[in-house]
Structure formats: C-alpha cells, structure tokens
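In order of appearance the chains are A, B, C and D, and numbering begins at 1 in each one.
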Amino acid sequence: MHFASDNAGIVHPQILAALSEANQGFAMAYGNDEVTKAAQERLRTLFESPLAEVFFVPTGTAANALALASFTQPFQTVYCTPLAHIQEDEANAPEFFTGGAKLTLVGAQDKMQPSDLRAALERSEQRGVHGAQAGPVSITQVTEFGQVYTLDELSALTEIARAFGVPVHLDGARFANACATLNCSAADMTWKSGVDVACFGGTKNGCMGVEAVVIFNPDLAQSFQLRRKRAGHLFSKQRYLAAQMLGYLENDLWLSLAKQSNQNCAYLASKLRGVAGVEFDYAPEANLIFCNFPTDMHTRLMAAGAQYHVTTAPADARQSARLVCDWSISTAQIDAFVAAMTD
Amino acid sequence: MHFASDNAGIVHPQILAALSEANQGFAMAYGNDEVTKAAQERLRTLFESPLAEVFFVPTGTAANALALASFTQPFQTVYCTPLAHIQEDEANAPEFFTGGAKLTLVGAQDKMQPSDLRAALERSEQRGVHGAQAGPVSITQVTEFGQVYTLDELSALTEIARAFGVPVHLDGARFANACATLNCSAADMTWKSGVDVACFGGTKNGCMGVEAVVIFNPDLAQSFQLRRKRAGHLFSKQRYLAAQMLGYLENDLWLSLAKQSNQNCAYLASKLRGVAGVEFDYAPEANLIFCNFPTDMHTRLMAAGAQYHVTTAPADARQSARLVCDWSISTAQIDAFVAAMTD
Amino acid sequence: MHFASDNAGIVHPQILAALSEANQGFAMAYGNDEVTKAAQERLRTLFESPLAEVFFVPTGTAANALALASFTQPFQTVYCTPLAHIQEDEANAPEFFTGGAKLTLVGAQDKMQPSDLRAALERSEQRGVHGAQAGPVSITQVTEFGQVYTLDELSALTEIARAFGVPVHLDGARFANACATLNCSAADMTWKSGVDVACFGGTKNGCMGVEAVVIFNPDLAQSFQLRRKRAGHLFSKQRYLAAQMLGYLENDLWLSLAKQSNQNCAYLASKLRGVAGVEFDYAPEANLIFCNFPTDMHTRLMAAGAQYHVTTAPADARQSARLVCDWSISTAQIDAFVAAMTD
Amino acid sequence: MHFASDNAGIVHPQILAALSEANQGFAMAYGNDEVTKAAQERLRTLFESPLAEVFFVPTGTAANALALASFTQPFQTVYCTPLAHIQEDEANAPEFFTGGAKLTLVGAQDKMQPSDLRAALERSEQRGVHGAQAGPVSITQVTEFGQVYTLDELSALTEIARAFGVPVHLDGARFANACATLNCSAADMTWKSGVDVACFGGTKNGCMGVEAVVIFNPDLAQSFQLRRKRAGHLFSKQRYLAAQMLGYLENDLWLSLAKQSNQNCAYLASKLRGVAGVEFDYAPEANLIFCNFPTDMHTRLMAAGAQYHVTTAPADARQSARLVCDWSISTAQIDAFVAAMTD
C-alpha cells in the first residue's frame, strides 16, 4: 500500500533488460557511443522534430535546472506557479544553475492562468533596470496537484510568452501521464503548442533514473552541453542512461506504463468516491489524487501500514492526503487501501 | 584493443546483479531506503570510521565539486596540480559549485611537491584581503599520469595543509587502484594520512555510475547534503546508486577489479619494454601507462583499430600515448595491441 | 517640484566640506586610513556597540546584498515582504551575492506581519532537504510605503526569527527618517530590538553615496570584508567614503536632515488633506506619501513640470502617486506643487 | 615620502570643483541626468567612437569584473598573465561576476607574449567539452611591473584573439599613463589596436573613485547595464560619478596628471641611477619603479618614514621595492627619499 510517490516503485523489467543488453564490449565515453545516438534518434522521431537536440540527465531537478539555465540570464526571472517543483522542491537549483536568476510566482493556483501570466510579464516590463528582467515561462505538465493542461490551455500560455518575447519550458516529470490523459502526441504537447524546451521524464514512470531534455531550438544546445558537463551531469558511461531511454521507448513502454498508472489512479478514485466522508480537493486527471477525509481514517490507514503524504494540518477533524499511483501498484493493494480506511 | 579509458568498459556482472536484487517492491525515495543505509554502513566499516558521513553521487565531477564546495568559501582558492582533473577536465565545475572560488596551480609536476605547496600557501597568506584566501588542498590519487603517492608522501602534504589550517580533499577516481598498488587499507590512505574528505570512485572500476564521498568531519555533512540536492544529484530512486556500491564492496570486488586492471597494466608494460623504440614517460604504478614511440607505430596501431589517446604533438618522429587498462581487457587484446605496433 | 526620489536632491554642503577637509596629504588605501577609523568609531558610539564591525559601501543595494550574503548560505532563503527593495529594486542582487539563495515573500502587506512570518518559517521547516532552508529575515525600516515599525513591532518579528534560529537584517536606507519618527536611538532600533545587522543609509539623506553596514555579531565580519572586496566595493581611496559619513554624523546632521524631510512631508500631507479629491493610500509616517487623486490633477501637475512616480494604472479616473520629500525641498516648492493640482 | 600607491594621493582640486559644480538642484537618479550624459559624450569624443557605450563605476575591480562578465560565459576561461590584477588583486571578483569562469594564466612574464597566448588558446581548443572553453583575452596596460605595450605589441595579441574568435579586454587602471608614454590617442590604444572593451581608469590618477568602461561593441551594453545594477554598482546619485569624469577630462587633466606622474617617476629613476647599489628589475616606462637595493638602505628608508612596498624576501642582503609615483608627489619628497637611502 505505497502511495507516497511514483519514485518509490521498481524499475520495469524491460528497462533492466535494456541495461543488460547495452552491457557488451567497450563503448566510447561521454555520449559518443551508439546507444546514445540511437536513443537520441528515437526521441527525435517521437517528437517529430528532426533537428531537435536531445540530452540525457539522471534527475528531474537536473533536467529542469539545466534547461532553464540555457535560456535564462542571471539578471532575469523565470515565471512559474507558487507550488511548481522548481520553486518548492529543488532546493534553489534553478537559482544555482542560472547564476542567480529569480523565480516569479504567477497567480495562486495550481494551473497557471493566462491573465496572471500576462499581468506578471507586464509588471516586469515596468520595472526597468531595477527589477528582474523577463525570462522564460515554466509550465508543469502534469501539474503538482494532478491537473492536466489541455492543448488549448498550453497554447494560451505560450502565445502570451511569445508576445512578450520570452521562451517556454515544460517541466514534464510526468510527461507520459499527460500524453495518456490527453491522448495526444509528444509533438502536440510541445513544439506544436509553442514549447521551446521540454523535459521528458522517465524516472517517475518505470526508469531507474533518466530524463531527456529536448531542445527544439538547436541554437541553445551548445550552452546546454557545456553546462551539463560543468554540473557533473555528463555521464562517462552514458550508454547506461541512454539504454534506459531505449528500453523506455521500445514498444511505447513509456505510454503503456503511464496509461497503467493513470488507470490505477482512476480505479482508486472510483473506489474513494464510494467511501463516505471522502472529498476530492482536485478532480484526478492523471496519476495523482488529492482528497481529504476524517482524521480517524488517516489513523486507521497508518495503522495498516499505508504510505502516503498528509498535505495539510488537521482542520475540522479532517486532513488532506496526496495519493500517487505507480504503474506497479496492484488492484489488490488499492482495494486493501480503501478497505483499511473504513475497517 | 580499447585503451582509451577505464570509462569505456562494461559494468561488472556482480554489479548488474546487485541492481536486479535491489529491484523489489517499494522503497522510500531520496536515500531513506534500506539499500542506501546498508551501503553507507559498509563504507563506514571499510574506512574504519563509524562517524563518517557517506554520500553517493553518479559522477566523479559531481563528487569532487560537491566535496570541495562543502569546504570552500567563494573568496578562497583550492590548491591542486596544473593537470589535476578538477582543473583540466571538469569544465569549471569546482568554480561553479563553490560559487566562484579560484584554483591555484601548485608547482609544475604530476605529483604535488611539499615545497611547492608550502610556497603556494605562504604566498596566499601575504595577499591580505586582495588575493584569494587559502582554502582546501586537493590531492589526486592515482595521479593523472598514473603515479601513486606513498602514505608518507600523502602525510607530508597533509601536514603542511594542517599547519596552514586548511582541509584536505582526496580525488579518488582511481582510489581502488592506489590501494591495490600500496597494499594498504582505505583508512590508511585517507584519515590516517590526514585526509578530511575522500572521493571513493566506482565508475572507472566496474560500476555503472557511482562514486562515494566520505566525509570524516561530520560537521560538514549538512552542507553537502543540501548542496547535493540543489545540484540535482540527489537521486529519487537512490537505492540503485547504493545497490551498485553494495555490489562493488561485496567480497572486495572493488579491490579485486583494481588488482586486475593494475595487473593488466603491468602485463602491457612488460610487453612494451620488449618493443624497440618505446620509452616510458612515467614508470607505470597503477593502471595507466604514458609512453612515447615512433609515429609509424602509431599509424600501424590506428590502422589495426587500436583506441587510445595520443597526448603530445609529434616531435622527432615520436609521439606519446596514454594507455589505460580496464579490468575487463583481455591478455589476448593486450598481445594483439603490442603485435600491431611492430607488424 | 521634484518629488520623484530622495536620490535626486543635492549633497548637503557639510558633507562636501568634509570631503574637502579629508583631501589633504597621502593616506593609506583600502580603509587603513585615519578618516575611516574615525568614522567607524563614531558609528560604534552612535550605536552604543563597542564591538560592532562597521563597513562602508557606496550604494544601498551593495549594503543589503553584502550584508545578506554574510548571513545566508546558497541553499537558504531570505524572508521579506513582496514589495521589499531587495525583491523589487535590486535586479537579483541578493541572489547574486548569496550565490543563488531564494527570497521568500512573506504575506501581502507593506509591513511584515508576525503571523505571516511565523507561517513562512514553519512552512520552510516542513520542506526538509527539498525546499530552501530557513535563512535571515529582512525588515525594511522605513517601509516601501512609508510606514515605520514601532520598536514593539520590530521586536515581535525578531523574536520569531530568534525562535527559529535565523538572523535579522534591517534594510535602513531611510534609517534616519525612522529614528526621527520614533524619536528613538540607533541602538534602540537595532540590536536592542533584536537586529543582527543593520544598513545605515546616507545616500538618500544628503550624502553623495555612502551606506554603513553595522554588524553586531563580529564573527561575521571577516566574511563581509572578503565579500566586499570581491564585489568591487572596497574603495582604494576609502577616506572619501568615510569622510562623507563623518560629515553626516557631525552635529547629528543625519538626524536633523531626516527631521527636515519628515517635516517637509508632514507639511505636504497637511496641504494635500486640504485638496478635494485626494485620498491617502497610507498614512504618511516618514518622508513618503502615497495618495490617489483624479487623473486630471495628474495632468495639471505634469504640465506644470512636477516630477513624481505614478504608481498605479488609471482606475475610475483616479491614479496613485508616490511623493518623496527630500530635506532640500522648499516650502515654496511644496506650495507650488499643491497649487498646480488645482489650478 | 609616500610611494606605496597611486591610490594614496589626494583628489585633484579640479575634480573636487567639478563635484561642487554638479551639486545644484534636483537631477534624475540612476544616470538619467545631464551630467552623466555629458560625460558619456565626452568620452565618445575622446575615443573617436560615436557608437561606443560608456558606463561609470567606482572601482577598478568593478570595472574589470563587470566588463569581463559581459563577454564571458561561465563555462569559459579568461586569458591573462600570472600577475594580472584580475588574477592577483581582485579576490576572485572575475570568477564571481562571470558566474564561475576560470582564469588561465598565460606564460610567466609581466608582458603577455604572443606565442604564449597562441599556445594557451590552442590548448583550450583541444580540450573539447571537458575543459574550460576559450573566452576573452585580458591585457593590462600599464602592466603590473610598469611596462607599456607598444601599439604593435597590442595588435600582435589582439590579432591572435581575433583569429581564435575571442574578444579582448583592456585593464586600463593606468590607461592615461600608458597614453602619456606612447604619445598616442585613446582610440589608438583601444579599438584601433583591436580592443573590444576598455577600462579607462580615473581613481589612480587624481579622481576620487571613478572608472569608465567603454564598450566598442554596443551589442554587449544591455548585459553590462543589468549586471552593473545587480552588482550594486549603479549609483543613484550618478551625477557625482560623472562629474568626476567631466572634471578629469576638462582641459585634458587626465593626460597632464599622467604626464606629471610619469615625469615624477622618471625623475626618481634618474636619481636612483645615481645611487650606488640600486639595480632596476624593470626599466621604468610609466609611473612605477621596481628596483632592488641593499637591505640596510631599506632600513634607513623605513626609519625616515618612507612608505612603499617591499616585494621580495631578502636575498643576498638585498630586497626589491615597488615605488609608485603619484602626480602629487613633489620633487622635494623625491629628493628626500633618495637622500634617506644613503644618509
């Protein structure tokens, strides 16, 4: 009954097998190997972007921070929501990698609102040399609260960015889950919607530790490459990062795992709807559920060994929970979880 | 015939097996898992240092730069040799992670000389507020040219550092090879010789991508932990970093692989001594050979598909080569290499 | 009719005279001169703090950013209000000088509220290694909207900081104006109220360009000194920074100029209260007025050559103005300004 | 008898007068004032470069570090001599302002040699992604040991930079002294000789504290402006920086003061040539003398109250001195100094 994170599950066997397969003979170090080239080519095909530059890094924080650093001057600011991973969960990595750029928090909602973004950008323009200059807009898809931007919603934001002359970064730690929800292509959700650089997450969806950064504007690739190296994120034995990605893309494993975790989430949500006292904080749209229920239910779940994050202080004898569904969680575990709430 | 790097070989099967073994069930993320704790404990035992703090990162650059950043203020300087990896091969990572500290190049030799170190530290003291302030001394063991500091040589350097009140960092990308050469313990080569923080390399010696940073002064651990996170080097699925290390330590695999690569190197060196026209630039002491020979031998080797780095421009129809012996290189390949030189 | 800024007025003759007086013979560079020592000693006396360390820098941004950098690790966050000068008007200087620390915006008001500060610090504590760690609290006195914290209000904030183990910085660009309003001593408003480091502004109050940073905890002075040098803020001819400060302190000029500008402000405010259609956004407490009035009044003022900042977009045919009173503005100019509103 | 530094002398009365003259009425802050515009225009005329961008900062370290930061990516390296001010005397300011770029020390001489520069640039090209990438070349005119590059020597260096595609920075803390020696124009010594950005020093030559940064490639000006602000070097009352520069340029005061200090130096050198036991370490070419003489002469000078820097440890009962001639030092003081050596 482990609903704490999609970072807690196992690596999918197909990915472990890809690692074994890559483990033959000598290979050039630092990405000059055939496995890396093959994985990059596969991603260019997936993204329908033959000129895109593709880089592999081991963590989502590295992917986001390096991507932003390639687009952001140290006297600029990045626009994101107040609860964005880059603001809340990366221990100042964006500030570090950009050399001291600021994060400007847009609005007060989980999904960035076009009117809030426009207001933030207009405000920056008025500050002259005294304020942080306008830099990239960072959008998180799936959001921190499990929402999925529609393609129209994405385009509404990227058009504003375009109008102000700033680039767009997509934090796609759960990229696959969003594609599964929207039933759209990787290209649809990125450059066709106005995204300049996308992080295509693997770690939360069955990989061991790999994220791809896909830069649709190749002018910025040289800087990324050098920044990656100086951040200690250029792997000498890079074939083992790339092999994970190959295994992940093989037979669309990335998409089928995301569908599985979204489906697990939908199943858990349907069960929770049947439990008296459960209220949803957000309608689940991918593999994350935020809901609140009486504290005595929390007590029972803890006693039964359930693992998940309680996200609010108790109020009116209720508390909110974040429940994350991994692709590997079984129906039996979900059933057991729901049973434990009421037992 | 691949002698380009010890980064080009395969992952040892025992390490792949350890990854598979760790791949069971859910585990807490970000290092709060049992595999991580076990690997940390094993290293404390190996280093005979029950209070040491142990961290895992995926690359040697990350290990060095994070270790140095934990000890270095941005207005200080790190002392190293002119050819040290941190100076030559990390694309300004030490400057980046320390927030802009300087590297001061000590002497002009591959092995740092005590008199040169003392002179450099004395010079810093005279600069007052105008110069970079004295910071840590960084020693590379095995050196860039394949030399191994004796324990006495290490102590001679660390005593000077102590006298000037600065800490000592050991870049141990080839830590195991040095232990194998010196036939000493990990403790002998670190805190018993005056080292404050050591990087214990795995990647160049059969791992997929893992280095341990061992901090003997636990006061500095909190800073390391936070700096690692903000650098994107805290793995969510950290059990797979730790599992590599467990597999690496099991039955002293780390030491037996190092002995194997050193032995491969000794075998190649003995063969090269029998080749007319080969001169050694340095006496090989671990798994690296630097030697020069006629350019037509280089031509023959290239034609035969040998892979290695030519390290100097042609002079007097000769050129130097760097030959790195991986644990996985076979005697047959070594024989073929030597044969190709003269065929 | 210049109400745009207290940076626009002239240097007080007494300060120019002090510069001339210091301009005799040779003096040791970089602060090792008698003028600097005398000015430091005067400030220690003024602040009733014999062990305080005192540094001179030329701008408020340098003073704030260097002071914060001496107290803040790069993985920490500084707490300030959303409109604080360090957030809005220093072009990422705090992020730059701290090596990438974050600014956390506390509450939504001009004056920091104790409950908001407590909530922000509690929230940081819950983030573990993933969020920015708690760092200093920065309080601006006089605030951006011209409010003055009472000594009790200051203590309420610093006690919370103390409880969470974080230091307190006071941005005192208008330090003198606040002292004049509160009729308290420099010591009362700083260390006696729990402040660890204070910026004592001179530039906005009749100096040419000098701010003193007074550090009540001398342990942090060495770092400040080195950070100042590496930021290019250690003046070689420092006697001319110090001489301004000596002239500023002589016969309590600092306080009399602040009283004059506060009095000018009070006079303007009293006149504005007599103008139909003027509403105060904040009750003026020092030398700043924020008020709104009909746009046609703005038009008349502009036509008459009045200089001030319009701070809001037009709404209901009204707009807000920021009116800053310099010590050097004459009653006649104030009268002319008010007359121009209605003519 | 003050020969310690050209930072120790007084401000020239003409510059103090310019400050007084600028001290009238209100002026727009942050450089939007008439005095600043006039000073910028004067410098464009002096440099015969109508499109150059001109910025004022208060210290040489700020001028150098900001200029370099505008041209240098954090993964690059700056080329300078081992004793360059930016390497030895700025406490890591270049590393700080560039976000962690490295300084590569070219050759081992006071004057940068073309062959050494070429070798350093060639070496960088061979490092690939692993080493620091090639960045700007920084040339110091007058050098640290008082030498002056001829225009041909300057061009020889800048042509190599051009061939490698890297820009050229001129550290001109003693710009005027070099112009006086070479009897050339400011344009001759900068863009006509291939320099992209020059620091035109005022502080060491009679100003209170002002340096102009002249950028001949205006594309880089926007970045400079923002970096200056975030470094706390944008003065609110900038008219007082600019006024110094106006006073400095009026009637070519900058050049006449430099000629005076060079002449003082020549006079001292001629006197020293008549003292038995004095040997010159370098032939004086501007306002700096490096010479060695018996330690008992040093003792006598110290006893007589002479102030200067002893630059070497005693050897063979001799020690070297650095003697800096300010424009304001009198012939009588020089005579007294020489007399004290032998009395």
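In this section, a residue touches a chain if its C-beta (ideal position, glycine included) is under 8 Å from a C-beta of that chain, and two chains touch if they have at least 3 such contacts.
If you're wondering where the values come from, they're calculated on a predicted model, not measured in any experiment.
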Taking each chain's C-alpha mean as its centre, the one farthest from chain D: A
A-D or C-D, whichever has more C-beta pairs in contact: C-D
Geometric centre distance via CA averages, chain D-chain C, whole Å: 34
Intercentroid distance (Cα basis), chain D paired with chain B, Å: 41
Centre distance in Å when chain A and chain D are each reduced to the mean of their C-alpha atoms: 50
Residues of chain A touching at least two other chains: 30, 74-75, 90-92, 96, 99-100, 129-130, 133, 226, 229-230, 234
Residues of chain C touching chain A in the complex: 74-77, 88-92, 95-96, 98-103, 105, 127, 129-133
Chain D-touching residues of chain C, taken from the complex the two chains share: 2, 4-5, 7-11, 16, 19-20, 23-30, 57-63, 65-66, 90-93, 96-97, 203-204, 208-209, 226, 229-237, 240-241, 307, 326
In the complex, chain A residues that touch chain D: 30, 73-75, 99-100, 129-130, 133, 223, 225-227, 229-230, 234
